[in-house]
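Each of the two complexes below includes chain A, the first together with chain B, the second together with chain C.
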Partner chain A sequence: MTYFILRRLLLIVPILVGLSLLTFVISHLVPGDPVQLAAGPQASRADIERLRAEYGLDQPLPVQYVVYVGNLLRGDWGRSVLSRRPVAEDLRVYFPATLELVIAAMTLAIALGIPLGIVSAVYRDRWPDNLSRIFSLASISLPRFFLALLLQLALAMSLAWFPLGGRFPTLETPPPLLTGFILLDSLLAGNAHAFALAWQHMALPAFALSLSPLATITRMMRASVLEALQQDYVLTERALGLPMRLILFKYVFKNAFISTLTIIGLYFGFLLGGSVLVETVFDWPGIGLYATKSVLSLDFVPIMGVTLLIGITFVLVNLVIDVLYGVFDPRIRYA
Partner chain B sequence: MTTLATAPIARWRERNQSRVENWQRGWYRLRQSRLSLVGLFIVVAIMLVTLTGPGFVPYPQDASGAVHVREKFQGPSAAHWFGTDELGRDIFTLTVIGAQVSLSVGVIVLLVGGTIGIVLGALAGYFGGLVNEIIMRVTDIFLTVPSLVLALAIAAALGASLRNMMFAIALVWWPGYSRLVQAEVMSRKQDLYVQAARALGASHTRIIFTHILPNLLSPIIVKLSLDMGFAILTAAALGFVGVGAQPPTPEWGAMLSIARNYMPQYWWYPVFPGFALFFTVFGFNLLGDGLRDVLDPRARR
Partner chain C sequence: MFGSMFAKRSKWLRLSVFGMMALIVLAGCGTAATTAPSQPQATSAQPQATTAPQTSGTPKVIVVGSGQDVENLDPHTGNSYSIRAIQRNVYDALLRYEGNPAKIVPHLAESWDVSANGLEYTFKLVKTAKFHDGTPVTADAVQFSFNRLLKLKKGVSFMFTDVMDLNSVQVVDPYTVKIKLTQSFAPFLSVVPWLWVANPKVVQANAGSDDGQTWLKDHEAGSGPFVIKRWEIGNLYELERSKDYWKTAGAGNLTGAIWKVIRETSSARLALQKGDIHIATDFSGDDMDALKGQPGVVLVEEPEFRTFSIKMNVQSGPLADINLRKAVSYAFDYQAMLDAEGAGHAEFMIGPLPNGILGADPKLAVPRQDLNKAKEFLAKSKNPTGGVKLLYVYVTGLEIERKFGLILLDSLKKLNIDLELKQMVFPDMIGLAKKPETTPDFFPVYQTANYADPDNVAFAAYHGSQNGNWTNPTYSNPATNALIDKARTTLGDEARIKLYVDFQKQIVDDAPDIFGVLEKRKLGFRDSVQNWKFVPIASNAIEFYPLSLK
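Then we have the complex of A and B:
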């Protein structure tokens, strides 16, 4: 098992190198001369050259790339042109908020999607299955930001059951910062009031975010349960007179869950990206909102930081999934 | 009893009998699923609206920047079915013309992204070795960042405009196709008919394009139809963030992002373009789901 994990860890090194290369290339796509833009229209030629040397932009591209990666590794992710704050520090503040939202959404999607998928498979082509099919396709097609807007319009604005947005009321004192996850922090502080407030703020964005993974997990689980049900071992177990319930939950579930796990891993990264829009609608102070604000002010360094961070998280999550495969299915471990 | 005019058609049918029968069987199976037919209906309706829209919208000048401030924020009425926006423009007109923008973005993205992906995937799968390694590793890197984020970064770097946004989405769209095609070509290049073609002296280009790729038509069509909805969604999402179409071009995502500032008093402003977006994507997804059942025997339920 240790060997298996070590090999997977080694495999992600070239991917991370490629990822940094990708963001490096994109940040050089910016049309026009970034130095000239940063220096402003009044800058003299000498000023521009000095600034260019200061940013290291007078060096050949491979040298610039090496410097870039060196800086990344040392935790220097550049500075926002607008606020002059280091991007790495901003990301450290905003990232837990996004992660908390995505984990909440994913938990909801898994908790509902897996039973729904099993029900669909068991009642194949009967009304529960057809209903779940329509529901799944509709939820995949519903734009996440439009759903967020609708929820905000109906439940937050018209009915006022939920707050309009944000993560915690500005007038209340938040629980002491320990993990960066407000829900966890308020639990650790034993603050029930703060916990309830945090929940209310998280409910709508988490629901908006969870709908499309919920649909996909349902479909995937249905397909893999159906496939597993056709295996010979199920026939044998039925012939032996085992109750269907036992067959489903003890034997079929395990086999069906493995292929669903892939989707869960893929979706986790996908949601980090998808949360950009939901965060924008609900004013959720995560990296998505940070990115869209930077887009509007043409501040590229933070956008690149967010892209890189999401890429790295995605790679790491898939590493965990790979390892989980090994735990669930010994055949993969020894292949 | 065939007349002169129908004779060529009859001859064509005779020569392509197996293909015609295949299509008929496919159409029969598609008809069996009511949801796919609903999808087909929505897609055809939206295409008709896209093509004829400029002819029937009540206020065509509104889509090209006309402003009637005096009529701003009127609710839905006989004169303005979907109400008016903050500049007094007719939201029905904007929504219909917006279909044009969204559909053309979808088509162009799939055309460009699909072509790049199919060609690269075919090259990688056919030649294998170093070519395969290089192409597939680049594909992997593109797949490590969710397409929306990557497209956002590229579009932001290039500058906000409809064309840059399409370019950005196409640039992140090809890896899915190169993965699909690479795997299929890899498994088919050992087939007997490929060996036969090679023995007859066919060139690599001929083998790839006339012998291998036509066999991949089904999975590619299925992926294209399912992707159409997602490409439109991605475009609307980028428009919503503000890196897509610029005013006065009516684009659903951009309309929603403006409408957001006027909720909840003027609810009709976000609701109509939003549902137009939803139904378009829904139609393509229903159709794609149905086509997959027809064309991909492995996924048949």
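Then we have the complex of A and C:
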């Protein structure tokens, strides 16, 4: 297992080189000019060229790439052309916000999706299954931003059960940010009030973000459980008189969960980069908004930073998923 | 089959299914944090000026919801309306804008003299002004600030670099500073309010390797009425009132202010209705319509110097033909453009200069839709029967520009001219505007005046030296350049007005633009906000000092 993990960690290197190269080339070959935008409407040619030189953008593309990678290896993620802020500093602020939201959404999706899927399979074509089917189809069919707006209007504006947006009340002082995860920081500060406030703010966006994976996990789990329930070993276990709960949760679940685990890994990565609409509606200061703003202004360095960070996280999450395959199914061996 | 095995537990299962659904809603649920700074009250017509109560008792923190982040507070490199909003509250300038129409009034400079040739400006500083660390604001600090701006060549330096160098600012005595311009620049006093005076001691102590640029991104070295309390990039920026601000007259009762980033205007709308924010800075016409009559909400729409015009490629392609440009100008459906903005949300441009600015000529004969005239000019052009295809690019996601493109498409059909609409991210558009060969036939541009002087718009939008910049990709005429150059160096409003009248006639004759609309500034307030007054320059960069909360 250790060899497997080490090998996978080493494989991250060529993946990141490929990813960085691809992103670098694409983002630099488009015809736009962020430098001129950054220099301002009345900047002279000389000012623009000076700024271009300051960012090394007057160098040939291969040289720019080598310099970028060299800086990256020294821990320097570069500076945004437009805001002139160090990208690493921005990522430290925005990434934990999104990661926390995605973890909350995925936790919600897994915690609800797996039992719902099992119940649907067990009660196939009966009312719990039909209810779950309607819920899943509705969740996956509704555009996420539209659903987010509806939730905001109904639960935050009309009923005032939740705040409209943000990570923490505007007029309250948040706990000292040590990790960037506000729930965790509230706990570390021993501040139960702050924890409750942070959770109130996270509930709606996390729920809105969770619906799509929740629906997929539910349907995937249902299909896998149904398939597993048809297997001979289940018939044998029933014939032996084992309690159904034991059959379901000890034997069927382990076999059925593998395919759902794959989906969970993929969704995790997808939500990291795809949370922008929910972040926009709920003013969640996350990496999705940061990435979108950078893409719209062709600000190369933040685009590279976001892509690489999400790439690294995605690879690591899927490594964990691969390891978990073996935990759930001991037949899987790590070569 | 398996369902029957669970028959005994069906009740439990039913409950668990509903329980899970309820959990979704109830998780974290409860009464939302009561952060509303004010309760909705009766709508009034406009925030009224009242006698400002002095700061005392309960905290009065105003919350502004804005779509724009404050990424770089550096007084000499950062420049956007949101950055300016924070800068103007933590820093002071020699002069400031006040009133409508905007007037230049004393601030750190209590008085000033201008030499007869317009090359020397002598400012007398107030002696009571102090930076936040207690250091007096002196002529040295003014010199340091000007020189830092000129050296770094970023932010608003473009307003000064043509007429100043590093020897321009001279310290006469600790409270007198003289600025010698390298050439006469009539709007000089209009740009001085955007030069923030920074504390040299603090900047030098935190200079690092980049003249303090890294440190000043999220710290301040000012003497303004507020100091930074909280700085959460991408989220909010909180200021608190400086306890010993050098000025007291006209102060409101605010103890603090928060600039909250709300990217979606629909969210800002809800936040204003709910009372979570006191001021919203980025509303569209639709937002204003939706908020009309909402209790506790006050809407303000005022004309500001923000023009929208569709620039034509006068150097390359079919529109290099002046007759075709004039045909297009007369074929365009201006009324449809105004209607697209929504009733009352915009007004027609009356020429190349924004309405109301010095020299804007209300009698100027600008093209309005007249198909007969359009066809006359078309007949004189190199394409007398139309039959050409032109390209209009617009900013991705900017719906109003797409609508304007559709109006243009419809208008040009009457001349048998086809139009392709293409959306692009703004930096791509800027890239295209670098050369006449790549500049699209139609290039829509919004321009906001940075200072209340016609030079700002005239120079950026019509001077030939700006060719290749998105503000003026292709238009250049030596006669126009001469008029702009003369108007910016001539002293005296009367003489300048004459020059700008000639300039506007020249532009109408050359027809480089379809003159569009002036979008009104749209701001939303809670009725608890008092003492706010509209100033038509950077009115969305809210000045907190005079404001009060009921």
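Keep in mind that, in the parts below, the second predicted complex is superposed on the first by the 291 of 335 C-alpha atoms of A that agree within 3 Å, B and C clash if a C-alpha of one lies under 4 Å from a C-alpha of the other, contacts with A are read in each partner's own complex, and residues count from 1 in each chain.
Following the convention adopted for this analysis, contacts are C-beta pairs under 8 Å (C-beta built on N, C-alpha and C of every residue); 3 or more make two chains touch, one makes a residue touch a chain.
Keep in mind that this is a model prediction, so the values were computed, not measured.
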Touching partner for A:190 - first (chain B), second (chain C), both, neither: neither
Which of chain B and chain C A:62 touches, first, second, both or neither: neither
Which superposed partner A:152 touches (first chain B, second chain C, both, neither): both
Which of chain B and chain C A:30 touches, first, second, both or neither: both
Partner chain(s) touched by A:116 [first = chain B, second = chain C, both, neither]: second
Partner chain(s) touched by A:244 [first = chain B, second = chain C, both, neither]: second
Partner chain in contact with A:298 - chain B first, chain C second, else both or neither: both
Of chain B and chain C, the chain that contacts the larger number of chain A residues: C
Chain B and chain C footprints on chain A, overlapping residues: 30-31, 124, 149, 152-153, 157, 280-281, 295-296, 298
Sites on chain A touched by chain C in the complex: 30-34, 36-37, 40-45, 47, 50, 80, 82-86, 89-90, 93-94, 108, 112, 115-116, 119, 122-124, 126, 128, 131-132, 135, 149, 152-153, 155-157, 160-167, 169-173, 196-197, 199-203, 207, 229, 244, 280-283, 285, 289-290, 295-298
Chain A partner contacts - residues on chain C that touch it in the complex: 2-3, 5-6, 13-14, 16-17, 20-21, 23-25, 27-33, 35, 37, 61, 63, 71-72, 77, 79, 153, 155, 158-159, 161, 213-214, 217, 230, 232-236, 258, 260-264, 266-267, 270-271, 273-274, 276-277, 396-397, 425-432, 434, 438, 447, 459-460, 466, 468-471
In the complex, chain A residues that touch chain B: 14-15, 18-19, 21-23, 26-27, 29-31, 124-125, 133-134, 137-138, 140-146, 149-150, 152-153, 157-158, 223, 226, 269-270, 272-274, 276-277, 280-281, 291-292, 294-296, 298, 300, 303-304, 306-307, 310-311, 314-315
Interface residues, chain B side, partner chain A - complex: 35, 137-138, 140-142, 144-150, 152-154, 156-159, 229, 233, 236-237, 240-243, 253, 256, 259-260, 263-264, 267, 270-271, 274, 277-278, 281-282, 285-286, 289, 299, 301
